[in-house]
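In order of appearance the chains are A, B, C and D, and numbering begins at 1 in each one.
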Amino acid sequence: MSKKYRVGILGATGTVGQRFIQLLENHPQFEITALAASDRSAGKSFVEACAWKLSGGMPDSVKGITVQPIEPPLDCDIVFSSLPSSVARETEEAFARAGYPVISNSSSYRMDEDVPLLIAEINHKHTDLIEVQKQKRGFTTGFIVTNPNCAVISFAPPLAAMHRKFGVESVVVTTLQAISGAGYPGVPSLDITDNVVPYIAGEEPKVETEAQKILGQFVDGVIEKADFTVSAQCFRVHVIDGHTASVRVNLRNTATLEEIVEAMNNFPSLNLYSSPKKFIDVCDEPSRPQPRLDRDSGNGMTITVGRLFPDNIFDYRFVSLSHNTVRGAAGSAVLNAELLIDKKII
Amino acid sequence: MSKKYRVGILGATGTVGQRFIQLLENHPQFEITALAASDRSAGKSFVEACAWKLSGGMPDSVKGITVQPIEPPLDCDIVFSSLPSSVARETEEAFARAGYPVISNSSSYRMDEDVPLLIAEINHKHTDLIEVQKQKRGFTTGFIVTNPNCAVISFAPPLAAMHRKFGVESVVVTTLQAISGAGYPGVPSLDITDNVVPYIAGEEPKVETEAQKILGQFVDGVIEKADFTVSAQCFRVHVIDGHTASVRVNLRNTATLEEIVEAMNNFPSLNLYSSPKKFIDVCDEPSRPQPRLDRDSGNGMTITVGRLFPDNIFDYRFVSLSHNTVRGAAGSAVLNAELLIDKKII
Amino acid sequence: MSKKYRVGILGATGTVGQRFIQLLENHPQFEITALAASDRSAGKSFVEACAWKLSGGMPDSVKGITVQPIEPPLDCDIVFSSLPSSVARETEEAFARAGYPVISNSSSYRMDEDVPLLIAEINHKHTDLIEVQKQKRGFTTGFIVTNPNCAVISFAPPLAAMHRKFGVESVVVTTLQAISGAGYPGVPSLDITDNVVPYIAGEEPKVETEAQKILGQFVDGVIEKADFTVSAQCFRVHVIDGHTASVRVNLRNTATLEEIVEAMNNFPSLNLYSSPKKFIDVCDEPSRPQPRLDRDSGNGMTITVGRLFPDNIFDYRFVSLSHNTVRGAAGSAVLNAELLIDKKII
Amino acid sequence: MSKKYRVGILGATGTVGQRFIQLLENHPQFEITALAASDRSAGKSFVEACAWKLSGGMPDSVKGITVQPIEPPLDCDIVFSSLPSSVARETEEAFARAGYPVISNSSSYRMDEDVPLLIAEINHKHTDLIEVQKQKRGFTTGFIVTNPNCAVISFAPPLAAMHRKFGVESVVVTTLQAISGAGYPGVPSLDITDNVVPYIAGEEPKVETEAQKILGQFVDGVIEKADFTVSAQCFRVHVIDGHTASVRVNLRNTATLEEIVEAMNNFPSLNLYSSPKKFIDVCDEPSRPQPRLDRDSGNGMTITVGRLFPDNIFDYRFVSLSHNTVRGAAGSAVLNAELLIDKKII
């Protein structure tokens, strides 16, 4: 491994920002050289500015870095962004325009026609959209790529496996989402202890629209969205990390249970540093997947599927799980950056 | 208030047995005269035999009662039963044959053709089946009535409101069920802390079949089941009491959102001691119903519905909640007994 | 029951404010006529201003009340205050000076020499301090009384029982405190799920000083503090309501275990509306008290003590529990108001 | 690294047994060659016999191993034992007599005069007791060493640091213990959700006696126990892993806070595979240590200390934390085996 890319993190003190730092520690291709956060934090050392909330402690290498305001220039080659949507749109544009590849975990640009919404294993060809984007927006070296909403990632991979082979027609999904998805301080303990909350602001529309773009085809400079409908009900449950999706799906073509299991288990992973050995792991045990036991599978990058059965209204039902702050956020963004390097786009 | 019925409780030391005792304390129509439990407990005073797990403590009135074996005769007029299914079938038959009305919360007889499966507000006419049962089985004064599985009760009432007016065609339900539904010791804390379990043994088949019987018609001595299909995925979540159901439904006839809200809110309650003022309460707040805030509504006997919207695959979606050990177990059984008294069946 | 006192609540939308409203619903001596909260809420109806977080729902009677700014005059005879300490000092003084009896749950005035710090059963004679306070501060009809910190209340009653008979010399207490003690939004779920936090800002000094004032003697216009030392370590644990205290105590005079049990069990309760039948309840079961099972004892006003044994460093050890938002906050304040009425002070 | 010791695990399917397997995967000195568990499991493959409950999944290398009955002979050089005390005494003796070094995590032999109770960093010299044991019991190559109760380990290390320099006179400890300490199924979720349990069967006596042996001196073939008194109150709290101890301590000689911090931070670690870089880590942040954030420090082998202050009854107070199934169980046993290899005892 030759040179390391110098990385800046926008929103470094937040839940996902901390996960970025954790995943980039000892990463062979990246080194963190800049940390940016809100005005309140800017100017402090990172150890002073950040209330670290991940097990294992803050890496020593970032403790002394001085937090900077979230605006270009930053001393780095690439930025990873995990900004609240209120500021992400304007800020990420500014960085892209200033020449930085922006690998964003924010929702602002996900549904823009010229912005790739990537799950690297599924739609890496969508990176072709980057050239379209650069031309359209007048970017030079900079650009924006995004990864999907954390709830979408929990069921889009098994859907992709089915869609590729048999065509998905409709999807009913009920999500049981972890508290870390709301950031910090996020969900008050009085709201979630001994409780379930049947509402996550803005979530159901995202879950109902992003998968069609992810599973779409890049044709003539445009993503043609996949033609299926999603119905989503989203719940917050008392889990720290790991989003669970309860899914029913109708297919366009018939498929046996065995064919579906095979399509999922054999969905190709990539040969990148953060790729898990298995992208989708279909387990047999009747009581799996479970967030606490399965979220860390493949270092948090494997999607675990279980309880895959014929359904009595839809064709099939299953339960799908992913780690929402790794595969569902920082981990997917890092994988996207590895993909872009591999494709020599950065 | 004239005479009080003398009540025996089968399975008195269990989670639901304790809830029976709590609900019957100070009840104007019933007094507990017999408590029966497994051989391990029989012969001890109730206070010695029972590890009380409900807030508020064991009522003084039952502390000194000697626990008896679970077999007739018992010194009482009626028995409430909450037995594990392994023993319920034989034992409840024995009590019915010995002349006791058996108000059962067990699953053993729910789907027997000649046994009413009652939600008092919805299908009280099914009590006519009792005569059929007595003749068929050769019972004299005894008989068996049942109440539904606790998960079914969480969504059958709003379904009934829709079905009665607009005809239900198909239902997709995902349940988020409380730990108290598994009894005591029940769910190990290592299984549910920071976790969700996508499996409850035997639950999905029950949820997929009971509602059709409940919403059926009593015609010519038989329950004609309602003609709709249910798809169920059942999860255990980290909630003490209160089952939440995420529901999509297709109707046979068109209905506006307002008509559905009205059908639910105006579904008649009964004028019995344990009836709530409102049987179904449709709430507006976007983040409700929530188990901790809504399960005790109507003393645990009201079904709370929220997030009722048009769906983009089905006609409508909603979230429904009931208290699983009150409305979903002991409370429904007590209400059933009140109904039978009101109808002069006991 | 003759006239009802008209009550205003300062900080009505908060956790303790909501508990005040719940406890005053149907209270024979009080009716709520004014609700005051921060500027953000003022002017809205209470149902709009308040995110109700207690089981059972907001009482209909307060829904339509318009929230007012927290300043005199308010349309009421008495105010209950549950304000953050940052504003309590100035605001409560303003109300007292304007003629209102202020029954405060805030910490601001607890340790002022001329302000009673009341646990009604223990030191009701300290109400004599009110006259001293009025003269010193130039109040006319208004005055301020306080109740102790919620953690102190969890162990001060058994301490009082011992102190009165045998003299307390030193106390080592470790508290395990509920999340509701931090208000709403209060403790982030990411901080307390699968966790314990060994720090509550400002708590240990309060726990180490308030008990000596409570158990002190009113002599010549002054409270002579009880002469013992308290060492406190305070933890936040994952419990919704109910503070548990782990206590060791040295006595000045010898006492048998039986004498101590008797002193606690027989500590007189009062004959007021909110008084529990038993003020202190010593339980025998080896695994009690437990917050979930015992906090509601005596409608949340009984202190439950267990695991009372001789210690091998101190004279005795025990575990003590109280409901932190009832006995530890709103309930004690309401009881204080009942006491003041009974003594014809208001 | 030359040859690997072949290891058998007694009680392999339990919570601690699973942790042994996890810690020994990829260990440079050990390879698992035998797994033994109760009759119910014996004869099955491990993957069939064991309900794996640790994050990350069962290592492939053990899945196919056939579980054997818990009796010698087993195909291995050393046994790690994590048996329930009911069977540990007889079984471990049988293995020792049959020639196996028994590295036990069970409580049965901890307080036997001729059995070392080891925390490798603190009292590695106690391994000299092994020869005494062999002679007394007529063992040839076999022997038994033990590690302390998981709650004791959470505070014995900082105590050792103080004792060595300043002499400990008395200790008051209140423990807040994790649910994993009770094994599986262990603590019912209904007992610990929204709750604290002030009782762990048999725990307080262990916590009050083991530290004196650990900090004792090996003199003339005997451990002379350290001369201090411990008072313990033990609570179960809603934490998955990580025991927290709230401690006050009196010293025989005066010591400044700085001297104590230095004594702890500089307590030497060992140069063994499982030794953490820091044995005791004193942290400054006011709200630490916390189980979720600090239990994995040093791969679960570091003891984290915080809130170290002068106390107003004792000399000092502090809060101490260790991972109860790693440092408090399997990890300490593995470290003990590494120590014995290093000392050429095995």
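Convention: contacts are C-beta pairs under 8 Å (C-beta built on N, C-alpha and C of every residue); 3 or more make two chains touch, one makes a residue touch a chain.
From a predicted model like this one, the values you see are computed outputs, not experimental measurements.
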Identity of the chain that, by mean CA position, is farthest from chain C: A
Chain pair showing more contacts of the two, A-C and C-D: C-D
Centre-to-centre distance between chain D and chain C (centres being mean Cα positions), rounded to whole Å: 42
Inter-centroid spacing, chain C versus chain A (mean Cα positions, whole Å): 47
Junction residues of chain B, two or more chains touched: 53, 191, 193-194, 238, 240, 292-293
Complex interface listing, chain C residues touching chain D: 170-172, 174, 176, 193-199, 208, 229-231, 233, 235, 237-240, 244, 246, 248, 286-293, 306-307, 311-314, 317, 319
For the chain B and chain D complex, residues of the former touching the latter: 15, 53, 179-180, 184-194, 238, 240
Touch list for chain B against partner chain C, complex: 52-57, 193-194, 292-297
